[in-house]
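Two complexes, one shared chain (chain A), two partners (chain B, chain C).
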Partner chain A sequence: MNMFVLGYYAFLIGLSCLAAYYNKRSAFLLLFSLTLASFVLGIVGGESALHAIAASAAILALAAGTSYAFREFLVMITPHETARELRTAPLTASFGMFVIFTYAIAGVFAPIIAPFGEGEVIAGAFAPADDTMLLGADQLGRDMFSRIIYGARNSVGLALIATMLAFIMGAAAGMLAATRGGWLDQFLGRFADVIMSVPSLIFSLLMLSIFGTNLAVIVIVVAVIYAPRVFRLTRAVAGNVVVMDYIEAAKLRGEGTWYLIRKEILPNSTAPLIAEFGLEFCFVFLLIAGLSFLGLGIQPPTADWGSMVRENATLISFGELTPLIPAAAIALLTVSVNFVVDWMLYRSSGLKG
Partner chain B sequence: MGMLKDKDVLLKIRDLHIEGYSDEEWIEIVHGVDLTLHRGEVLGLIGESGAGKSTIGLAAMGFARDGCRISGGSVEFDGMELTTTPKSDLRALRGSRIAYVAQSAAASFNPAHKIIEQHIEAPLHYRIQKRVEAQEDAMALYERLRLPNPREIGFRYPHQVSGGQLQRAMTAMAMACRPDLIIFDEPTTALDVTTQIEVLAAIRDIVDQFNTAAIYITHDLAVVAQMADTIKVLLKGNEVEEAPTEQMLESPEDDYTKSLWAVRSFKREQKSRPTDGSPPVVSVQDVDAAYGETKVLEDVSFDIYPGMTVAVVGESGSGKSTTARCITGLLPPLKGKILFNGEEMPPRYQDRSWEQLRQVQMIYQMADTALNPKVRISDIIGRPAEFYGGLKGTELKSRVDELLDLIELDPKKFYNRYPPELSGGQKQRIGIARALAAEPQFIICDEVTSALDQLVAEGILRLLDKLQDELNLAYMFITHDLATVRSIADEVVVMQQGRVVEQGPKDAMFRPPHHPYTDLLLSSVPEMDPNWLTTLLEERGVDNIGEAAEV
Partner chain C sequence: MGDVLKLVAKRLGLGLVTLLVVSILIFFAVELLPGDIAQAVLGQSATEETVQAMREQLGLDRAAPIRYLDWLAGAVQGDFGVSLVSGERVSEAIGGRFANTLFLAAYAAVIAVPIAIILGIAVALFRNSIFDRVANVLTLTSISSPEFFLGYVLILFFAVRSSMFPAIASISDGMSFGDLLYRSFLPALTLVLVVVAHMMRMTRAAIINLLASPYIEMARLKGAPPWKVIVHHALPNAWAPIINVVALNLAYLITGVVLVEVVFVYPGVGQLLVDAVSKRDFPIVQACCLVFAATFILLNLAADVGAILTNPRLRHPK
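Let's look at the complex of A and B:
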């Protein structure tokens, strides 16, 4: 029994009592069951288990606090309408926004933030972390931290461009199909089916082997793979809008297809499309990371999270966690985007209670 | 009603307050309403939309819909306080002792199960009856409600029976556990007049027979006059007045109630066709039309002269709206032609010139779907002026102001707003302004008042009439509401199953002798007389009402 263990239990029990006294049912249940679980864990795992629980609780609390502060910050600096929407955001969503914001800063200001260049060899292979190298060196002796910062720019930037291209192609085709209907709708629909029927990884590997692995090819191939999904969603959403009387009124006025799409349909389908954009971005990002891991994506020496995992993979066998850091960066971004998208989907689906 | 004793009180609501959640805060929508209902009594709740009728009806079951909460007062059902009863007990109460009949039976039945399966769900669940017993009972109820083939109809799926039959099946379902109280929430609003009669007769019959108490929610005064023993009038969550039906109809006390009663008073001079030999604005000649293989219009012909209102009436499915689609060019006719000022128009709207499109405008039934919710009012109204007239900048702005003035909305207040911020009546006015912005000669009004409250609807009718005088517009007025026809039509066209069965000037049409179908339509319109339904049923005989009537 040392001071830490005593303090740990005293703290939990004290909080439980407070929660019970102020009639906070759910808080009390959570705290007290944590106390009971800690008894068992303390007996089985000893002091280190309690340390782990305390640390993870602290991390959670820190993340929650950051998210809360970030949300309040956003509410204050945005105009009234947006602020009212933001106030409804759950903590998970504001956590997601905070992470995305951080990544954006890292990507935009990469050359200023990173202490070394992405291709600069400054130490021996797999040199351990020291004062100048926050995360140590990779297999060629380049600074890991700098490469991760640059990776934010390269991987995320590429995924963003590919997603946008997929959206422009898919959304335009989807709206056109919904507005025009008839054979154009059938043709575009079947064409989308054909693309979707080929497994995406095999399709991209094939295309990249044929056309070579430069950035433009990667962007176009990925965009073509994901455009049919966007097409389907847009067509469905726009299909619900075109049957409205105001579209009929506009058609009877003699308006052209382009006006219908731009002024009448698009404003009514933005919410689901933005949510879909977030989701698709995750998939595109993971696909590009996967391609890089296979060596077909972004080519060295450009820093990219996918290829960084592969290059440093040997280190795993020595019990080092370094190769997992870029993987964690990918995971964190994907989860964050999903948090934000969840909230947006919730709002646009009208599930507000 | 005075002899009802206190011990017969079934439902006692005292000082009921209900709040609704909108824009991140709770707003009170019902401000302290009292209600007492005795066993076997039928209470009519009337008021405009937003008056809190349905909310109070649901509160009588101890229920508040999502985003609402009962914030104060008491609801006592047969000695049990519903606001504090646990949810599980309330659930047991609903369905077995209190039942609810919703406005749209089609939306309330589960389309994936047979009608009788849904009917016997409650009796089985509460172990009131065994399966076979419950089915027998359901069939007996179907028979009582005069559904055709009572032994067989329950084994169909909801989409296989008509709307009126489904609404009666729903009433039967509400009776399944022989509840003490049924709440009818606008059960006939979505039905045609001829179908409405059947449902009204069925409901009244079954409520009488089992001595069930009922709350009948509606905005149609004539309907409530047939059904209720007592009428309570609501306005914006407050009670206006309550009195026995006859007394309420004869001598309403409050000004608001009087204005409700006086709504149907709007009437205008009937105009006759111009004699100077000018051609009709629109002439429909021998039009046949079909959706795919199904023929929906046959040999439809009528003329509409400048400055006149022609009302097209008939049940749903009679081809009224299809005729409008033919005139606008959305559905090219199979045969026949549409003349505009004596000139033939191309059948497809895509082939028509801008000038031809401009001359024919439409006002829709549902203002909600007729106005793009994401477009500013100024753009909605301004677009036709910009599109046809080529107006820009300040010219366009002053034209929009002028149009807003014309429809009696303040330009300063409405110029920059979006449709969801407006009330139903205001939206409908914007729809009218959009049609006027094209400066047409002819406007099709497709059930423009049927989704609106009576007071608001009357305002719209007056506005349309004023505009007709000022701008010499011709209207084709599609409606199933004969009261509207009485107030504004010059000529009437009666349609049934895609054919014109009778047409002529209004005064001649409302005077006997009629075509039998016109007669059926006319006599099916509920009147304010509380004995109207009884008399009508006696005249027609029980088996010969509504849809089943011989034409």
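Let's look at the complex of A and C:
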């Protein structure tokens, strides 16, 4: 028993008692179950397990603090209407917004933030970290940290372009199908069914084997694969709007299909479409990351998170954490987008499960 | 009962049509190649004679629809032609590997399904409590992580830092069943992590959807304890969506398996497909795609049929 272990338990038990005294039921349950879990893990894993638990609890607390501060910041700088909405956001959602904001900054200002260029060879292969290289060098001696920063621009940018393309195609087709109806609706619907009946990764592998792996091909293939999902949602949402009286009125006025879509249907179906955009982005991002990991996505020397994991995977067998950082960056962004989407869906559906 | 059989038969027929359309898609996608297969495989430096010879060998002088029918007739009998790179029969290359992939997916499913359903019911029972929120965050994290991230994290902790399990799942025919389970534990665990999260969330949503219905309120008002309300009253009606969820996730496993096989160098179809794509070995790519798509369609079909069997309302479509 040393000071750390004693202090650790004293701290946890003290906090639980405080929570119980002030009738904070959920806080007490959380703290006390953490204490019990620490007992078990401490006996099994020894002091290092307690260190790990303390570190992860500290990281969680830091993340919660950052999200809280970021939410308050957003509430203060946005106009009144938006601020009222933002106030209802759970901590997870504001954490998500904070991460997305950080990634956007990293992506936009990559050349300024990164100390070295993405293809610049500055050291020996797998050189360890030092003062100039925060995370060490990769398999060709390029700075890991700079490549991760540039990856924010390349990987996220490519996924964004592909998502937008998928979205434009799917939403346009969906609204067209809803307003026109008839054989066009049937044809587009069946076409979407066929594309969705092949697993997305398999379908993209087939297409990439045929057309080769350049950026334009990846964007178009991924967009075609994910457009049917958007199509279905838009078709369903717009289908509910099309039967409204004001659409009938606009039709009687003699407005064309394009006007109906732009001025009547689109404004009335934005909420679910924005949430779908977030989800869609996650799928597209994960698919492109998977393809890059397989060596079939973004090609070297462009810095990209998926291929960085594969290139440096050998380091993992030496117990190094560095190759996992790009993969963790992918996971973190997808989680964050999901958190935000979760909140938006909850808000728009009024679901009180 | 005759009604149900007719409905199921109709679904099966629809699935067969979908599969046929998908096979057309897979075959004619290769026809989109600039030039043709022979040129694409041999490259630009090939002489006119070699290209011509390869065309004859592949039968490219016949019209595409005839070649498609030929290919389809072969595929139905398990004959997918010959690999362009190794000259091996495609069916031989796939055969054993497909069994390995199915073994891995089944291994993951056997662990994942019970855990997911029990945990899903538990979080539905404790909904909106701190445990539900923590579970929500954890499952979202697990869903959002790419499979290779989870795989490498498991390798780092279970294979490198504490060598409990092998990092490379090298399995061969002569191994005992226990050895097989031990060696493919980490890839299976990776799949389990992803699939459990999906299934848990969907099970929770299915049960919570039901909890809003009046008969549940009735049960609650007559004083039944919360676990009894869920297990006795909600669960029987939730089976249909849960079966659906399970089948959809098994279908999802098919895609996830490709990345996991590459991470753990597991000798399955996914690994073969990825290799074939980078070597542009089209007969293998086509065959693998067809096998994956067929499994995917079959599982989706199973989800539909399961839903029809467990939910009498679906037997009388309006």
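Here, the second predicted complex is superposed on the first by the 349 of 353 C-alpha atoms of A that agree within 3 Å, B and C clash if a C-alpha of one lies under 4 Å from a C-alpha of the other, contacts with A are read in each partner's own complex, and residues count from 1 in each chain.
Operating definition for what follows: contacts are C-beta pairs under 8 Å (C-beta built on N, C-alpha and C of every residue); 3 or more make two chains touch, one makes a residue touch a chain.
Nothing here was measured: the structure is a model prediction, and the numbers come from that model.
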Chain B versus chain C as contact partner of A:209, first or second or both or neither
second
Touched partner set for A:339, first chain B, second chain C, both or neither
second
Quick one: is A:253 in contact with chain B, with chain C, with both, or with neither? Answer first, second, both or neither.
first
On chain A, which partner touches more residues: chain B or chain C?
C
Touching A:125, do we find chain B (first), chain C (second), both, or neither?
neither
Given the touch rule stated above, what does A:104 touch, chain B (first), chain C (second), both, or neither?
neither
Applying the document's definition of touch, where does A:13 land relative to chain B and chain C: first, second, both, or neither?
neither
With the touch criterion stated at the top, can you tell me which chain A residues are shared between the chain B interface and the chain C interface?
353
Taking the touch rule as given, give the residues of chain B at its contact with chain A in the complex, in rising order.
24, 66-67, 328-330, 349, 352, 354, 357, 360, 362, 364, 366, 369-375, 383-384, 387-388, 434, 438
Once bound in the complex, which stretches of chain A touch chain C?
26, 29-30, 92, 193-194, 197-203, 205-211, 282, 286, 289-290, 293-296, 306, 309-310, 313, 316-319, 321, 323-324, 327-328, 330-331, 334-335, 337-339, 342, 353
Complex contact set, residues of chain C against chain A
18, 21-22, 25-26, 29-30, 32-33, 127-130, 136-137, 140-141, 143-149, 152-153, 155-156, 160-161, 167, 205, 208, 211, 251, 254-255, 258-259, 262, 273-274, 276-278, 280, 282, 285-286, 288-289, 292-293, 296-297, 300
Residue ranges of chain A touching chain B (in the complex, touch as defined)
84, 87-88, 244-246, 248-249, 251-255, 263-264, 267-268, 353
